[in-house]
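Look for chain A in each of the two complexes below; its partner is chain B in the first and chain C in the second.
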Partner chain A sequence: MGSLFRSEEVCLAQLFLQSASAYSCISELGERGLLEFRDLNPKVSPFQRRFVGEVRRCEEMEKTFTFLQQELRAAGRLPAPCPESPRAPAAREALRVQEQSEQLAQELREVSRSRSSLRDRLRDLRQHLHVLREGQRFTSLPVGPGVPAGLGREPILDPSLHHHLDRKINFVAGVIHPWRVTAFERLLWRACRGYLVASFVEMPEPMEDPATGESITWVIFLISYWGEQIGQKIRKISNCFHCQVYGYPESEASRTEAITRLHGQIQELSTLEETEKYLAEVLDKVAQVLPTWRVQVQKMKAIYLVLNQCSFDVTKKCLIAEVWCPVRDLTQVQDALRQGSVSGSCFVQRVPTTESPPTLIRTNKFTAGFQSIVDAYGVASYQEVNPAPYAIITFPFIFAIMFGDVGHGLLMFLFALWMVLYEDSPRLRQGTNEIWLTFFEGRYLILLMGAFSIYTGFIYNECFSKATAIFPSAWSVATMANHSSWSSAYLATHPSLTLDPNVTGVFQGPYPFGIDPIWSLATNHLNFLNSFKMKMSVVLGIVHMGFGVMLGVFNHVHFQQRHRLVLEFLPEMIFLLALFGYLVFLIFYKWIKFSAADSRVAPSILIHFIDMFLFTSNAENLPLYPGQVPVQMVLVVLALASVPVLLLGTPLYQWCRQRAPRTVRPRAHDFAEIFMHQAIHTIEYCLGCVSNTASYLRLWALSLAHAQLSEVLWSMVMRNGFVGLSYVGGVVLVPVFAAFAVLTVAILLVMEGLSAFLHALRLHWVEFQNKFYVGAGYKLCPFAFAPDTWE
Partner chain B sequence: MVSLLCCGPKMAACGLVLSAWGVVMLVLLGIFFNVHSAVLIEDVPFTEEDFKGGPERIYRLYEQVSYNCFIAAGLYALLGGFSLFQSRLNKRKEYMVR
Partner chain C sequence: MPGYSEFYFNVDHGYLEGLVRGFKAGILTSADYVNLAQCETLEDLKLHLQTTDYGNFLANETGPLTVSTIDEKLKTKLLTEFHYFRNHAFEPLATFLNFVTYSYMIDNVILLITGTLHQRPIAELAPKCHPLGSFEQMEAVSIASNPTELFNAILVDTPLAAFFQDCLSENDLDEMNIEIMRNKLYKSYLEAFYKFCEKQGGTTAEIMRPILEFEADRRAFIITINSFGTELSKDDREKLYPTCGKLYPEGLHLLANADDYEQVKRVAEYYADYKAVFEGVGSGTGEKTLEDAFFEHEVKLNVLAFNNQFHFGVFYAYVKLKEQECRNIVWIAECISQRHRTKINNYIPIF
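Then we have the complex of A and B:
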């Protein structure tokens, strides 16, 4: 945890890897995830790199795996997730994996092919069978003269007509899609001018459409015609309509013979069942081994991509890799190399560098959230002081100032507590909704925000916009009523009555904790609260900013720039404290020194502050303490004097140092650039002090907005539930409360919560961090095997 | 037998949370109304006549509102029980499908 204060020391190192053991060394390092590899061959295209063959092989294997995955998914199976992470395979094992996977893919392809062809054939046979059977209905001879009427049709074509017509009657029979029947019939009629008889009947059972796979009730048609030309036309038309045409033998006997033959053929296709069983077995095998193979090949590919980044030293026959390594982990790296290499011939060597190393800050699950909101603005420069540990407390606190309400804070706290207590449950961790994941990642943030909001809720004395009278109120209305002897006539004409604290007994002293509950019933509630919250915001802002300036001291000391302590830190602090620190002093002094007795003549801090800058004085505004004017004059002069020191101090110092010959590294300073930079910094700081102080007033603004929204919601929604005085009112209260709850969550928790979160974040990022933070670094991304993210 | 399951798992969970919150908050509100808390005066539906002749009539109004709150809390307890029942059915259905 010591590295949370500032980022860790990271050094540049070179790894010397023997060619034989390079793969296993990198595998070992990848498992531990310590180093970031630098690309030593940036100008080489991916196709010219050393290990391009192996990478290609890995990609081919991945293609095979994708095919297997698709087959599994098509069969409706899910591969089991890999239980523990297997290591990257050695070359021989990789070969075995490749062979096995290709063999399995081949088997799967063959089995699927044979299965689909068998099914096609079966479908064909069954269709033919149905055509023949249904066709019998139209062309069979009548059983006897007493054909029961229930049988329905007479044969359409009486075979006895054969002899009369002296023409041969031919048949075309087949199957057609039900949607095309009407068009087909119409076209046949028009084309063949009635020299045919077409009959259509639906198939008794639905069958699968080979193209789309859906189950359709096909329609069987039987066309009887005479004449060769008509026959050709009919066949052409049926071809256009994509009908499946089957041969229809003319005589009854050959038809029955064909039916029995088809029955026999269908029975023979029992091999279909065996094929299905074999397919299931193959799929089982695939489902078992696929996850492990995938992870192994992923790791292998990652290792080869890293090896591609190393440079090959011909003389020593070894691979050289350049890495960023945390100094603390150098021994671990040496350990890993020793484990990975065959003869302990691989070693690591530290290398000096002038480049700025990447930033590494180790966090645990609690601090990770706070570090990420700091990093979102800018990753800390190398070894710069890290604002995250302070943000753990200041961020929830500043949020809570804008959100203060016991009820809402409690809801937020309970929600975060649920997330924290069940954080290991896989159902919560594997959510796919991005918004939910964002909330889940920040569960510790929300927990602290909720807890602090309960605290500020007690200070503001607000619980769902109602004050809680935990201690008895310090104001006594009875005493005031007795003292002023309010008569009924007086009460009738005066809608609002004043409780004067100067009268003895009316105000019995300050409320022990927080704001007195009587203020929630007072009409001048906001007058009092605004003054209090504005002053509180200014005080908190100046304290926060002062703390930010003080953090800069650690940076100046660490980077051996002690001149900046005197030439930058000191003028900055004097400017801030002389002007705004004095304002804080005035606020507290007035709170302590002046009471209700002198409320008529109490001086206005605002007028005094303005007069301080303009060097004027106002006769009606009494001084707060004797000697105020000279003290203020001195402070203003001091503050103004610190500006040129801030502006010119550091550039002049650096210019003097450059001129003196004792500097070891004479860098070509561009004096104009340094001066420009310092001028910008000075202007930014001085103007920033004023504007940032005002910016902290958003703490007041948002807390006022939250309180007012809360009150409006209660009075416009919840109050309607109490209106009914009969017992029906209790039933009406149920939906009213439900509406109140939903609106509370939607508006006050989600919307106001996000708003307060955003403003607290802005105050940290801009007003606090621009006093000391540079944030121009980049993160250390160690080479580690990421968990499988394919699903 | 017609299935008793009418809510999905998420709706049952929402119902459970809402009912728990409702029971706690309405019981507390009922207690505070019963104690004639001054902070809640604006929520009591009084008229001009109720202020004549001492605070007794205002107190009766307070108590009426508090009984309404308790009734609503009781109804929310029933709703909570129903949501719990629905979520148990959902869990059982989840196990049976596998």
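Then we have the complex of A and C:
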């Protein structure tokens, strides 16, 4: 938890690794994931680095693995999940992996080749069989003597009819891809000028396409033609269209014979089954070892890529690596090196550096969500005050101010609680939906947001826009009625009545907790709440900003810039407190000083505040306390006087330090640059104080919008369900409640929740963090074999 | 509505234009070429290409790496990208992209006819065709014995039919006629493409005009230079010149009457662009050939296409630049594999 306040101390270190044990050392460090390696040869292109051969070997192996994986996938198998993280293989083991994997791949290749050749042969035979069978329909003689010889019944081409004309009819038969049929037919017709008869028919069963592996219904064609020249042309064309052409005997008898022969050959192809079985065995073996190998080789490749970033010392016996290392982990690193090295001569040494080290803030599952909110704005500069621990409380609180409703808060809290309780269930963890994962990552944030919303809901006294009366109201209507002697007739004619707090007994002091429920019946409910919420926003905003300015102190002290305490922090604080702090004081003073009795003469704070800047006083607006005008004048003068201090203080201080002879600095500071920077900062701060205070009014606006929206939902939807205390009313209530529930979740919880979240985010990033946070750092990315990078 | 294309261009073509600009960022830079030229073996070349946008395009090659595998894979990658464009394109971009493929189709048809003439089997020729220009009936080209048959039987269905009207003759297909046919096809193709771009108007026409004009003029120059010492008469030669270039009409007349290289060069001197191109050419060993000089000028024109938005020229330019890149990589790979390093720097850098 200590490192959450500011990032951990990180140092630059050199690792001296003996060539012999460098590999095992890096492997050990990768398992622990402690260090970020720096590239010492940025100018050397990847193929000129030292361990390029090893990297290439890993790539070769990966290529083999990809082949194996593809074969597995083609066979419809999934490799077994990797049991636990295997360590990077030692050189000899890597060699073994390589040998075995290549052997397996070779075996697999041979088996699948013989299988596919067998399959091809089988397909070929079956296609031939189909061609012959389908061809029969066109070329066979009519069966049976009883069939009359009519043109329609006669086969299209009867070779026997033409024998006596002494013209030889030849056939080209084969199969063609269905997509190519039309083009093929057209081209045949054009090229051969119609001296042929082509018939096409679909094959009765689909077969595999050898090119794509898809199963398609091929088309069988049978072309009859006269003359040898045309025959050649047809063969050429069918060749061009990648048709499979089969021999088609001319006589009926030899065709039947061919069919029986083909049947016989298909029967003979029983070796296919054995081959399939053997293939399955090989695949089993692959599925078992592949995942482990993959992880091992990935680790090995990563190690060599890191080694490629190291440089050699002069004796060439030792590799030098430069790393960013958290100071806390130095002993662990030493430990890892001792374990990894054979002879124990690998060691780590800190080196001084002027470079700014990377930022390392260790988080746990609770703080990670808050830290990521801060990191999304900018990673903290090295050792800067980290706003995340304060955001743990302020963020949900500011959210809740805008989202205050007991019912909605409770729903949100329960949703988050469910996620928190079942956070270890793999079903929640391994969702692939990005939006869901975002919610899941922020479950603790949502939990707190829900809890705080319940609290502010009680303060606002709103539960699904309805007030709850936990305590009896402090206002007594009976007393008022007795005092004014309201008759029934009077009550019937007057829809709205006034309760006067000045009448004794009507107002018995403040409600114990939150807003009195009687206000929800009042017509001036909104006026009352607006005044309350507006003042609350300003007060909270100024407290929040003041806290931000205070946090700057820790930065100034930590970075040994004590002059900034006086020259920056002090004027900033005076400026903020003298103007806006005074406003907060006025608000509280008026709340305490004026009661219902003298509320008619209570002065307006707004006019007083404007008069304060104009150095005037208004006769109609009574002073709040004696001596108000001189106090205000002093405060304004103080605030104005702090501006030049803020503007000129730091630049002049730097300038004086430069001029002082005893501190001659080699690097000349550019005075103009410092001055410009400070001027921008001053303008930003002074204008920011005004605009940021106004910006906090969004708390008021958003909470008002939320309350109004939920009230609208209640009165326009839910109230329609209350048609009467009958069975009909009960039935009507069901769909009305369904609509109410859906709208509540969709609009009030999700949409309003997101909007309040965004505004809370803005208030933190802009209004709070710009008071002290630079956020110009970069994260420490340790070299680690993270489990999520496998596969 | 030419002239207002900016307003509605993105509705139909915005996605693809964004995509092509993204792809353009992956074109190798001169720094990449310097690194590639330092490679010792093809494996080095592969390793370096892995660090660029080509990524793992050679990762699954088993067996030793050869220049032809590299070439094939480069072309496959371009083809994949182009098909993606084509499949997602609306009219008129779809037609525009079709036009881009026609030039490759012409080359393929001619290649197949020439190959058949030399008695090469079609199976050997087919892989040599550019994949961008392959079409269904392509391989059947070999059965034709004369241009009429070629047209009536095969090409009549293809988009090339429109360009074929000029080439119909009863002549046999010999080498000379094939060459003439190629140039006539190209001439009609370029003129049709030019007309199509003019019809699109707006920035598309503005960008494509110089590119196609240059293409036409380049062909005119090359036809002239190649026809020296052949039987081609000057009249016939003039008929082959595409008429959509800057040389039309006076320059083409002059070219038609040229008798040797010097006269061609003199014609080029009337035109500032071509003067510069011809001046860059030398006959020495370290100097550029005319072909390279033309390629260089083409690259320059194509790169300019990316300076404007809302037009189709980027697609044409991207394909052409990528093709040049393929040529460059293959050239470097050839030099590496043949250990002929002196000319390795004769590639044409793009960016």
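Going forward, the second predicted complex is superposed on the first by the 621 of 791 C-alpha atoms of A that agree within 3 Å, B and C clash if a C-alpha of one lies under 4 Å from a C-alpha of the other, contacts with A are read in each partner's own complex, and residues count from 1 in each chain.
Simple rule for what comes next: a contact is a pair of C-beta atoms (placed from the backbone, for glycine too) under 8 Å apart; a residue touches a chain by one contact, two chains touch by 3 or more.
Note that the structure is a prediction, hence the values are computed from the model and not measured.
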Partner chain in contact with A:Ala738 - chain B first, chain C second, else both or neither: first
Partner chain in contact with A:Ala672 - chain B first, chain C second, else both or neither: neither
Partner chain in contact with A:Val723 - chain B first, chain C second, else both or neither: first
Contacts of A:Leu521 with chain B and chain C, given as first, second, both or neither: first
Partner chain(s) touched by A:Ala492 [first = chain B, second = chain C, both, neither]: neither
Touched partner set for A:Phe241, first chain B, second chain C, both or neither: second
Which of chain B and chain C A:Lys63 touches, first, second, both or neither: second
Chain B to chain A touching residues, read off their complex: 18, 21-22, 25-26, 37-45, 61, 64-65, 67-72, 75-76, 79
Complex contact set, residues of chain A against chain B: 411, 464, 466-469, 517, 520-521, 715, 718-719, 721-725, 727, 729-731, 733-734, 737-738, 741
In the complex with chain C, residue positions of chain A that touch it: 45-47, 52, 56, 59, 62-63, 66-67, 180, 183, 186-187, 190-191, 233, 236-237, 239-241
Interfacial residue positions of chain C with respect to chain A in the complex: 35, 38-39, 43-44, 47-48, 51, 59-60, 62, 122, 136-140, 142-143, 149, 152-154, 156-157
